[in-house]
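Naming follows writing order (A, B, C and D), and every chain is counted from residue 1.
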Amino acid sequence: MFADASNFVLPVDNTFIFIVIICVFFLVLITGMMITFVIKYNSKKNKKAKNIHGSVPLEITWTVIPTILVMVMFYFGWTGYKSMTDAPKDSMAVDVYAQMWSWSYKYANGVESDTLFVPLNKPVKVLLHSRDVDHSFYVPAFRIKKDVIPNRTNTEWFLPTRVGSYDVLCAEYCGLRHSYMYSTVVVLPEDQYNKWIADKQAQDNDAATP
Amino acid sequence: MASETLTLHNNGHEVSYLDYQGKHKGLLGWLLSTDHKRIGILYMIGVLSFFAVGVTLGFLIRLELLTPQGTIVGPQAYNEFFTVHGIIMIFIVVIPVIPAVFGNFFLPIMLGAKDVAFPRINLLTWYLYIIGGVLILLSLVLPGGAADTGWTFYVPYSVRTGTNMIFTLTAVFIIGFSSILTGLNFLTTIHRMRAPGMDWFKMPLFAWSLYATSWIQVIVTPIVGITLLMVIVERVFHVGIFDPTLGGDPLLFQHMFWMYSHPAVYIIIVPAMGVISEIIPVFSQRTIFGYKFIAYSSLGIAVFGSLVWAHHMFATGMSDTAEFVFSLLTFLVAIPSAIKVFNWTATLYKGSIKLEAPMLYALAFIFLFSIGGLTGIIQGALNVDLYLTDTYFIVGHIHYVVFGGTGFGLFAALHYWLPKMFGRMYNKKVAKVAFWIVFIGFNVLYFPFFILGWMGMPRRSYHYLPQFQLYHVIATVGSWILVLGLLIMMVNLLVSLIKGKKITENNIWGGETLEWKVSTPPTVENFEEIPEVFDGPYEYKQNEYASMEEEVK
Amino acid sequence: MEEAKEHSKHAHGYGIYVLVWLALVTLTGLTAAVAGINFGKLSIVVAIIIAVIKSYLVLTEFMHLKTEQRTFKAFIFVALFFIIISLALLFSDYSFYVR
Amino acid sequence: MTTQEHAVEQVHRDDIRSKMGMWLFLFSELLLFGGLFFMYSVYRFMHQQDFSIASKEMNTFLGTLNTVILLTSSLTMALSIAAIQRGKKALSIFLQIVTILFGLAFMVNKVIEWSHEFAEGNFPGSASLANRPPGQILYFGLYYSMVGLHGLHVLVGMTVIGFMTVFTIRGKITQDNYVKLEAAGLYWHLVDIIWIFLFPLFYLIT
């Protein structure tokens, strides 16, 4: 569930937790004040209200402080995003094809498969192609998501950091069997990956020349 | 607005708008009435009926998600359910509800006018609205099936699907037109028909919120109108606009769609904020804290809210510049909402608080809307949004804002103004019990969505992985509690209209705005003579005045 | 009533209308003639500028905006502001989008 | 309505209110076309070459002629209001009818132009259009949508002015109460303004 299998897990989780802490603080503050006031100034106890029209210093305070805080949040979000768009030069490119309602993957050497195999600790750049409608390439364990749009080729990269197999989901609604549009990404140690892709290529060649 | 000329007692020759017999009698007297109060009631009947349909569909969706595989229906039916649930709730319920029902009924009264600027256009909007709603209901039963695209109608799926898209799109177009006309009606009313002495900053904050909302309605609704019209044209005439097989760019559709549909969120929430700004001072029996800041923040939301649409598209692969700009603006739009929340909370300070049903709903609004708003901030951060968008997190967020916000604003408004509108009081004890059931059911239903989203559960999914089931079961149980609460609340209100205790006094809650100076229920002409206004809308003259600086000492 | 006073009647002259019409037709001829010349990228700008001048004339003279209330002018500003900002934001995506 | 209520309404006749409603409605119309202009500018930006090629096929003469027709109709509309302000009822009616006739001429021109396009096979869904590059398909898609929607507005405008003519004849629009005619005029001028932009975008810029 909270699998951490890529280089993006830590920055995304940290930004999330940072913002959640600030949000919880403000929620508790507001709710706490609300409850305190409701009890303290209940009409049974406090028969006479006082008119206070407002306070400019207070308004400035609660405008400026949240503004600063959201700017900090924005900074973390933006830098985190920036690191997700610029793929390293030595990334291994894989073409991803989405169609109603399945995924397929094509490697640089022409090998195709239904499951995405990637080597451990090697940056992978996926090029996303749609054959029909909008889809979205979503790997929760990697904290990445990118829409797959016809007439456009979006890209996304990641660095797998843990061996295992993880779910690939479609996150953009695409019709009848949208929710069944699963696939798997399998992270293998590099030698095993090389062996797999060599075997697969040999297999394909055998099948092609009967 | 305690003003001297406002001793407007009825001398018996003025009849209530409910009993008035004009040119047409009986049902026709309602269906052809141009009285803003009767049109408000017509809208209320329409909106609440569609709300019942929407709730039923939502209930069925939750029932279906009890188990990971099919529970009661197949995937096609499920897809239609969530689509129609979304369309009804967004376009037919929450966008019109507060302006069309309470705005129509109370805006002219609050401004000291006898009607809105264009009464006949006002009636026309209701008919357009009903035609649109009926078209959507028709699309459910006609062969072909209801729309199954999600309420966002994303191209190219909406061009390809074989369902009754044309019905649905036409319906939304017509309702949009109705919304524009309501908006221009309110704008003109506010500009031209305020009572003598009521300058802009003596207007009730509800009127301010409607003013900001109406601008958004007039300016951005045409854009979605033309966009959906183009989808219809594409389907019928195969004109190349968005369809990628004809060279179009599906992302342009998303831009054009959200250019309206994001500001629509503010069309939805700002009037509810206006309602809360009315209720909080009345049940605290003191002047509102920071009147001008609340008024300006409504305008601020309207301006900034129109400029943040593409934050729905962070994962679509826009240019980095666009991601930067829209994320920045998204964070900024949080500020005016925060200002409102702080000012409401400060209004409770040194008040004399009565926890009646409307106040309970208003306080719950602040709590739930805060959760909705803060979870929105979480998604404003780009890298986090790439993970959370299109998951249950966003579904939780939208329900906290739209249902926890506007829904609770609506319930608050119903409990606050219904006695005024019909002259009968509901059972206050039952109302409070219903509130707690609704409040608990709401949180049990929607809070697990945040957890599901963080776990990576995509939205609009008929089928899901087994690890998500626990939270789906909790949410479904929550939906049962919520529906129970809603039933108790609605039955209580409906019964009160027939059997409730009659109210004769004008000012049941101790409000200072003009609607509490007219008789209960209001007369046909609202005012015998147009009142003159001298003070701001929340001046409780019997109170001592103080400034914050003194208080802190 | 105050409202009645606000509505002072402006009888608009025939002459000015004909003059405006002449200007509009001349500008139309100009823009059509200029279209033959290739200014490259500038030709869009020239055509749009002429169109803006024409619509300004129609707005102020034919539509009486010149003598109308200040509120109406503010309204126009709101609508134009929204269009321009939205277009700029839309192009913050498209003009920086790398294919 | 009782006579008393009627009297109240008479006192409260607020021409500025009516005009304000009309102006706000015009903004909605403007934004309706604005959405299409947004789409146009994005696609023009993406497919400059194709747009340039496709726009060369337009009949610039007919386009210019139609522009002049519409501008002249705007003049007659404005003059008809000036006439009623001076109490010249017959002149106003004459000018309104002339305006409608100019609108009709505009539409006839459009029909000639479109039937020519259709004869060449450049209509939505046609095989010859579908075989063109994406940018040209989009150009014609936008051309038919925008000009078509504008034509629809011309028809609506003509109908509205027709009603105004009837009102003027029946004496509902008079020297003291001509706000309806003014509102119709505003609508007609907006239709003109939209054409002022459509004309260069589709006919001139190549």
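The criterion applied here is as follows: a residue touches a chain if its C-beta (ideal position, glycine included) is under 8 Å from a C-beta of that chain, and two chains touch if they have at least 3 such contacts.
As the structure is a computational prediction, the values presented were derived from the model and not from experiment.
Chemist: If you count the C-beta pairs in contact for each pair of chains, which pair comes out on top?
Modeler: Maximum number of inter-chain contact pairs occurs for A-B.
Chemist: Counting in whole Å, what is the centre-to-centre distance of subunit B and subunit D, each centre being its mean C-alpha position?
Modeler: The computed centroid separation for subunit B versus subunit D comes out at 35 Å.
Chemist: What whole-number Å value describes the gap between the mean CA coordinates of subunit C and subunit D?
Modeler: Chain centroid spacing, subunit C to subunit D, equals 15 Å.
Chemist: How many angstrom between the C-alpha centroids of subunit C and subunit A?
Modeler: Measuring from centre to centre gives 46 Å for this pair.
Chemist: Taking the mean of the CA coordinates per chain, how far is subunit A from subunit D in Å?
Modeler: Taking the average C-alpha coordinate of subunit A and of subunit D, the gap between them is 48 Å.
Chemist: Could you pull out the residues of subunit D that touch at least 2 other chains?
Modeler: Only 14, 16, 20, 24, 27, 30-31, 34, 38, 42, 46 qualify.
Chemist: Name the residues of subunit C that each touch 2 or more other chains.
Modeler: 3, 71, 78-79, 82, 86, 90, 94-95
Chemist: Check each residue of subunit B and list the ones that touch at least two other chains.
Modeler: 191-192, 219-220, 247-249, 251, 255, 259, 320, in rising order.
Chemist: When you check every pair of chains, which ones turn out to touch?
Modeler: Pairwise, the chains that meet the contact rule are A-B, B-C, B-D, C-D.
Chemist: For subunit C, which residues are in contact with subunit D within the complex?
Modeler: Within the complex, subunit C contacts subunit D at residues 1, 3, 6-7, 9, 11-14, 17-18, 20-21, 24-25, 28-29, 31-32, 35, 43-44, 47-48, 50-51, 54-55, 58-59, 61-64, 68-69, 71-72, 75, 78-79, 82-83, 86-87, 90-91, 94-95.
Chemist: Would you mind writing out the residues of subunit B in touch with subunit D in their complex?
Modeler: By the definition above, subunit B touches subunit D via 22-23, 114, 117-118, 121, 180, 183-185, 187-188, 191-193, 218-223, 225-227, 230, 233, 237-241, 246-249, 252, 255-256, 259.
Chemist: Can you name the residues of subunit C that touch subunit B in the complex?
Modeler: Where subunit C meets subunit B, its residues are 3, 71, 78-79, 82, 85-86, 89-90, 92-98.
Chemist: What residues of subunit B sit close enough to touch subunit A in their complex?
Modeler: Touching subunit A from subunit B are residues 75-76, 79, 148-150, 154, 156-157, 160-161, 244-245, 247-251, 284-287, 289-293, 315-317, 320, 323-324, 327-328, 331-332, 334-335, 338-339, 341-343, 345-346, 348-355, 363, 366-367, 370-371, 374-375, 377-378, 380-387, 389-391, 454-456, 458-465, 467, 539-540, 543-549, 551.
Chemist: In the complex, go through subunit B and note every residue touching subunit C.
Modeler: Per the stated touch rule, the residues are 191-192, 215, 219-220, 251, 255, 259, 306-307, 309-310, 318-322, 325-326.
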